[in-house]
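As written, the chains take the letters A, B, C, D, E and F, and residue 1 is the first residue of each chain.
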């Protein structure tokens, strides 16, 4: 199945920690990858984002899914 | 300011595309990084996730923020 | 109160599981419903999405809210 | 590939609408399905959620991904 | 209907901007309110969060819903 | 570092509660602030949102990050 989610980074699990209901999975990303961020045009303009800028892609842990073959 | 968001990957902007309200920012991630995914314990068990597994971290574009110095 | 969230599926709770901070609520959806997914135009084109396609709507559990009368 | 995302509802696309950057995909869900919502224990207790309750699962459109074979 | 979402801040719309598919709604929050943030225990410990700390609650615009009577 | 996330409300922590994997942070917001909600144009039209409307900004707790100097 192909997914609409644009961002998929390959890695290896470093640690699995289980709570009562939740689990925390730490993944070491080693291959380079391309990420698409959808933000408001207003933010893009406020930060003056343009090709070549050094930036940081930030994601809350609750937003990350795990896929496994 | 320090942020609670655990996941922050350094990269360079490859493309900025502006819509009427939204903007799409493509970021090339080149440095390795560590990502934390919070999923249900049930999913972690169903996928039998364990240290050393090859996995993919998947994120919807709308969940990604951009930070710039 | 009317909500901007477009997706609301009626169901019955099958199981409630409590952790220390989080709770997992399993809901059996029995009535048909209409769901709106907002994705990138790029994804819609890459998957060649068009009227009549059989697809799957996928949502992370942390993104689902529960409403009760 | 198996996904950690617990919620996947089968349907048929009713309408595709393209913006400059975003696309809106309307999906008719016809088969019954089981959904897992992760909410705070505090909310589960405040709403007195229990097995058998009639509830509504609510999701913002930006949180829904589309999968296609 | 009562909602599991814990965070609800009253305000007045300052501006509505329509795109092709999306709309941006600016809301002036004037009443004080209580917000619950669910983060990883690891983050809470890394930031040494404790009662009385001055902090900032940060939310991506795509995560905010609007309710109207 | 400047962030693309448009919504940042200043407050004081009222309570920190730790689970096995997650933490719940209650923040009292006391200063007024401006919030941007990105919703579908369809929702904006269905709710007839316009300048001056009294509305409620609703956010799921899992979507809120915490920043601390």
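Methods note: a contact is a pair of C-beta atoms (placed from the backbone, for glycine too) under 8 Å apart; a residue touches a chain by one contact, two chains touch by 3 or more.
To keep track of the chains, here are their UniProt names: A, B, C, D, E, F = Molybdenum-pterin-binding protein 2.
Bear in mind the structure is a predicted one, so any value in this text is a computation, not a measurement.
By the document's definition of touch, common neighbours of chain A and chain B comprise C, D, E, F.
Common partners of chain A and chain F, by the touch rule above, are B, C, D, E. Although chain E and chain F share one sequence, what matters here is the overlap of their interface residues, and that overlap exceeds half of the numbers used. By residue number, over half of the touching pairs seen at A-B are also found at E-F, the match among E-F, A-F or D-E.
Computed centre separation for the pair chain B/chain D is 21 angstrom, with centres defined by C-alpha atoms. Among the residues of chain A, those touching two or more other chains are numbered 1-6, 18-24, 36-40, 42-44, 47, 56, 58, 60-63, 65-69. If each chain is drawn as a node and touching chains are joined, the picture has every node linked to every other. Taken in their complex, chain D has these residues touching chain C: 3-16, 18-30, 32-41, 43-45, 47, 49-69.
Those residues of chain C lying in contact with chain E across their complex are 1-5, 21-22, 38, 65-69.
Against chain C, in their complex, chain F makes its touches with residues 17-20, 22-24, 37, 39-40, 42-44, 46-47, 56, 58, 60, 62. Within the complex formed with chain B, the residues of chain C that make contact are 24, 38-40, 42, 60-62.
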